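Letters A, B, C, D and E mark the chains as written, and numbering starts fresh at 1 in each.
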Amino acid sequence: MSAAPDHKPTFADLSLSDRIGKAAPYLLIPVLVVLGFLAIGSTSSWLTLTVSGLAMGMMIFIMASGLTLVFGLMDIINFGHGAFISVGAFVGITVLIWLGGWTGAPSLVLNVAAVLLAVVAAMCVTGALGWGFERVIVRPVYGAHLKQILVTVGGLIVIEQLIHVVWGPEEIFLNRPETLKGAITFAGAAIERYRLLAVAVGLVLFIAMRLVLRRTRIGLIVRAGVQNGEMVEALGYRLRLVFIGVFIAGSALAGLGGVMWGLYQEVITAGMGEEMMILVFIVVIIGGLGSVEGAFIGALLVGLLQNYIAFLEPKLALISNIGLMTAVLMWRPQGMMPVVKAK
Amino acid sequence: MLTRLLSGDKPRSTVLTVLLLVILVALALAPFLFPGVRSLETAARICIFIVLVASYDLLLGYTGIVSFAHTMFFGLGAYGVALSSVHMGRGWGALLTGTVAGALAAAVLALVIGLFSLRVRAIFFAMITLAVASAVAVLVSQLSGLTGGEDGLNYQIPRELTPAFRLGELFGVRVNGKVLNYYLVFGACLVLFLLLLRIVNSPFGRVLQAIRENDFRAEAIGYRVVWYRVTATCLSAAVAAIAGSLFAIWLRYVGPDTTLSFEIMLDILLMVVIGGMGTMYGAVLGATIFVLAQNYLQSLMGVASEATQGLPLIPDLLDPNRWLLWLGVLFILSVYFFPTGIVGRLRSGR
Amino acid sequence: MSDPILTLKGVHTDIAQYHILQGVDLEVPRGQVTMLLGRNGVGKTTTLRTIIGHWQAKSGEIAFDGAAITDIPTPARARAGIGFVPEDMGIFTDLTVEENMILAAASGPLDKARLDWIFAAFPPLKTFWRSEAGNLSGGQKQMLSIARAMAEERKLYLIDEPTKGLAPAIVSTMAGALRDLKRQGASVLLVEQNFSVAKALGDTAAVMDDGRVVWTGAMAELAASAELQERLMGLSMEAH
Amino acid sequence: MTRTLLETDGLTVRFGGHVAVDAVTCAFSAGQLTAIVGPNGAGKTTYFNLISGQIAATAGTVRLMGEDVTRTSVAERCRKGLGRAFQLTSLFPDLSVLENVRLVIQAHQRKGFGLFSMADSHVELTTRAMAVLDRVRLDTLKDQNVSELSHGNQRKLEVAMLIALDPMVYMFDEPTAGMSVDEAPVVLDLIAELKHDTDRTILLVEHKMDVIRTLADRIIVLHNGALAADGDPATVMASDVVQEAYMGRELTDV
Amino acid sequence: EIRIAHVYGKTGALEAYAEQSHIGLMLGLEYATGGTMEIDGEPIVVIEKDTQLKPDVGKAVLAEAYGDDDAHIAVGPVSSGVALAMLPVAEEYERLLIVEPAVADSITGANWNRYIFRTGRNSSQDAIANAVALGGDGVTVATLAQDYAFGRDGVAAFKTALEATGATLAHEEYVPTDTTDFTAAAERIFNAMGDIEGEKKLFIIWAGGGNPMSKINAMDPSRFGIEIATGGNILAALTAYKELPGMEGATYYYYEIPDNDVNDWLVTEHMERHGTPPDFFTAGGMAAGIAIVEAIKKAGTYEDTEALIEAMEGMEWDGPKGPMMFRAEDHQALQTMYHFVTEVQDGKDYGVPVLVRELGIEDMDIPINN
């Protein structure tokens, strides 16, 4: 075969601002923390607020992680995610109540084991629920956003009602496992123990998701499949299986988020997941669709900013999230580090 | 003549024509066909939601813009009437001032939001509207001195529009101010609907459809896309606000839950989709069916639950308190069975 | 001669309410380039899409490499060894060129040698390896689409109008690449409007009209006969 | 000398570090058909995009009939007489063929903001649209949904929409790509006809040499984003750049 | 036949409360009629209407109850917003509406009309009772409330009553209604209270989810010598009180506290029929049921609204919460409240409120605002 004639497009150097642009979102967090310090003044308050804000961000990230997959990557607007969070919480908390002996004992090992079991149970149930949800509710509406909103809201209502049928209409109050209660105090700052657990879980999850999405083709297949599913199939991939798999994973992560959130709130209601949905959507959108890193940074920003603002000017706390979203979108209409382009 | 009234947009399906006629007649004669507080309430609500949904469809179905702020505009109209009635006192002038002010405020707000955010991606607009709408909801709750906060406002409307104003009997039905009020709502809604029908079938309407299909090309053949989008947004907002004013006149109460809540936004979405996006007639069917379901599903379930007494499990699921469950199922099924909406279904003849 | 790699027998395909393919009979011989020709809108693209499974045949049979594939899903057809270059190129515009190619090699990592061969035919792909595919020029997208099909060895390539938008220099390297494929033993079913390309590449030809194959024979025979061309494709001499 | 309708002066665009169009200075005068050739990725479409405003220039100016339009929007340039057909077909898929063309004519006549008249009452729009469809032989498909058209017919409609726009500057980007051998001449004849109107100018990106030979009055060559040659067809075609970078060897040689 | 419409949010977020309220109402009617469900031979019929927790629906179904079903008296609803929308309907139809258990002050305040009676406590009553329970010389109090009318009004009422007890209010903290993270609020409160000497209390007024108590407690307020205090709640919510033994507050009902015959009957019957003790809203519903029967008996009619109003103004009766009285001026029922302290008891997985002292009607000065 002949070689094609040479073709050498002209390349000039990248400008400095282009280079900084890529790293900018990562820099936001340290910048915010420093600004927070300057504004707050008192070191102990600042430390308390910063650590608990980061931990809150982690919990939000855990809940948003599933949505990054389902909404960010697969482009499915799934309000059912909120219901999965609730179901996860109910299942997990039920397990914890059964394991009352383990949670009541002042042993970290037993406590964490109980939480782990609860998480596994919750993830299994929500994963299975996600599977059914995908098959019955979501499948006919791939690619149609409005219909997705409607059917998944329908699904959300149905699942919430079923929670009422199974667990009754009352909210369930619970107490955290013994060793996760209370706070650790140092340097005048008090940090809830449970938040430290949340930080650990969030970090592990973040790293695991990054690895899976970087090392495998799954992310690529999903992104390509959303754009042109026919072509992905013509390349030999069973797109349906991949989609179902990712959807199940997203739902299971919602279950994990539910358990974590339920344990934080210490009271669970059927509507608890739904209440978090807007916040979770905001995180995924400001992070940039499909980006685990973006959602992570976004969640941390939300957590920190919420705390700082609530401390400095409580009146503004009402709109801190919305203000953050608007600001980020004005700066980057596609979110901070988009992997998928928004339509 | 009729064609002109409908702006040349005929139903194009016999069943659809019949359905529309039935709805029209039923609404026009509601006080006499279905006497009773409940049914008049339902009829008025149907009228108002038809207009509200149609105005949303102008945005969503015809222009392809997803907005979550439609209830905000609806609320602006409602609060306009409420505030003017509270502050100017009971009277027609207050109603008119409130309506006009609400519609203007809605249009101006829509203009600002639109100019600010319609230049970029659709999702950006959707999120900004969501943000602004929730900010407004927060504001309404915070300014409780002015807006009554979460509790809302009660106020009085001209006596001629209340049950206290008695006019005598017609066809064995007591005609009072409430009936007059109903006809005010009905007439205004009819006019607004025909106006919207005209707009979507005008050259302007066609451009909106082109923009929905391919804004890139629309721009390339010389349409200033942003202007069209902004105009559509403003029109839709103004009409929604007027619908809100009518709602306020009818209800004599406004509160965040009745006008601003996200739940109503979802209801509107569902009505648009069930009826059929991108056709004004879809709004009529969608609103009628949904409002009926919302109002009578519970009673219906009560009956069904009685009837199935003795069977296992079924009466539990049919318990009227579980009506939300079935509403959820309705959400799902309607999207399932009417992917192109009822109108699309009827028109394609299948 | 060995049995054909692909056979279509009486294939009918509907798109929505339209009856588009009305009994297509077609054979693609092994190791040859078969041209599928015809006017606009006669159903060439629909035929290819029916073979890969994007449209489901309503009736008739499709056999590939000795096995019926009429009822199996698209991914299975692809994995059986069919590569596909769609008419609209089917580029994943949000992905980079590299990611497009990674996906194209469905059964494993990209083969280095094969990649070099592809780069030789389509140099811009190397230059823009890490760029977003959506930003490529029209011709570059076309190259990527072809390159994707060639990323792995396939038994049969279905290629829909590959030369549209390609500069002459690239057209000839592409033609060379297709000959290489043939040399490796693969078969090609090629839809092409550029008659000189068809003439230069085709071994056999099938001409479609109105949802049917109306003529089959050697490409040389069609190329030689102005009368045939005129009758089958409305080609008149001066337009050419 | 004939009037210059369109000029670009040092027109440049960079994507990150990649200079896709590199200081192109060129003028196009009325009554002329200029073919723009060059290898794939040379920057032809990008050059078009800069002229019509789809992307913003990094440097340089675009002048339309003497007026600087570098900062004006796409729609504005179109209204000033710049018409463009796209390499990758860009239509209104869910509307009928007729409606697609009618929308163009409506835009041309500035009737888009008619809010309260009925669209169907503007008979003259329909008549004109039908006339255009007639010319490209799409009249029989006028009620077809555009998404249902075959690729070739979509290409024809793309051209029809440009013709309906009746601009001062026509810009065709590979109008015949994907058109069958018997259909392409219809479009090419149309372009030839447009040349009779000596008030206008035509820019044509095309890879088919025979087409260029028959239609072009002038050829400019873009290579790696820069203007590599400019002149009458015979000279340019014979030049080394063109032979080497663009033509490769003729197919039959391989 | 006497038609009583129970118009309340059967479905929606407050479903659990609604159910309690209805059970209570029915028990109240039953108790007051001696189990016959008849008054002077007229049978009582209860019609149920669901407001779905939406004010517009509430309005419509109340109108339906009065207009189409011809109900003589209506009872409900759970949510204040719905109640406020319903008030004018009663006036329009000139029929009685007994508000239970919606708490907004303005129901018997600014938005009141003469057809409105309320058996439930209003938020001032709650706030004042708590102020009386918590206050005292040398005590410093900070408040944490939701940032909307309900929270601010509550704090205002609390503040006035607190000052009368000699205590000082050092800091008012308001947070958005849907707050989930209380770190910042707690820090602000700690900063404001840290340096103050003496007894320090943080009073939390909270409606709905969010559970600020446990979260603030987890931040160890005892470091600064701050004690948490809050009002009563439904049984399920008392789970959160278990972590706070010794916490004080005032409540209007906990089934073991009121010592009277009505409550004894209620507890026994409820345990028997439902297997659980009666809760917050059961008691409220029952009080409303008894009030209706007493009023009809007293007026001798159920159709003449004017006569009923006259009978009810100033009427005194006994409910499960103790003696009650409709104040003539604003038709608000005055009632006993209970100062409690939380205890952890064996066999109960929640913190048990134990009576410290009864706050009689005369101990609390509830302002008249209509």
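Heads up, the rule we're going with is that a residue touches a chain if its C-beta (ideal position, glycine included) is under 8 Å from a C-beta of that chain, and two chains touch if they have at least 3 such contacts.
Composition by chain, UniProt nomenclature: A, B = Branched-chain amino acid ABC transporter permease; C, D = ABC transporter ATP-binding protein.
Note that this is a predicted model, so its numbers are computed, not measured.
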Chain hops separating chain D from chain B, counting only touching neighbours: 1
Shortest path length from chain A to chain C (each step joins two touching chains): 1
Most widely separated chain from chain C, with each centre as the mean of CA atoms: E
Far-end chain from chain A, centres as C-alpha averages: D
Computed distance of Cα centres, chain D from chain C, in Å: 28
Rounded Å distance between chain C and chain E, as computed from the means of their C-alpha atoms: 76
Rounded Å distance between chain B and chain E, as computed from the means of their C-alpha atoms: 36
Residue numbers of chain D (touch at least two other chains): 39, 41, 245-246, 248-249, 254
Residue numbers of chain A (touch at least two other chains): 2, 4-9, 164, 318
Contacts with two or more other chains, residues of chain E listed in rising order: 15, 147
Chain B-touching residues of chain D, taken from the complex the two chains share: 52, 54, 73-76, 78-79, 84, 86, 90-95, 99, 102-104, 106-108, 111-122, 161, 165
Chain C contact footprint on chain A (complex, rising order): 1-9, 217, 220-221, 223-224, 227-228, 230-239, 340-341
Contact footprint of chain E on chain A as seen in their complex: 42, 45, 48-49, 52-53, 56, 164, 168-175, 181-183, 185, 190, 192, 194, 264-267, 269, 271-272, 275, 303, 306-311, 314-315, 317-318
List of chain B residues in touch with chain A within their complex: 60, 66, 120-124, 127-128, 130-131, 134-135, 138, 142, 266, 269-270, 272-273, 277, 316-317, 322, 324-325, 327-332, 334-336, 339
Chain D to chain C touching residues, read off their complex: 15, 37-46, 87-88, 148-153, 156, 173-174, 177-185, 207-210, 245-254
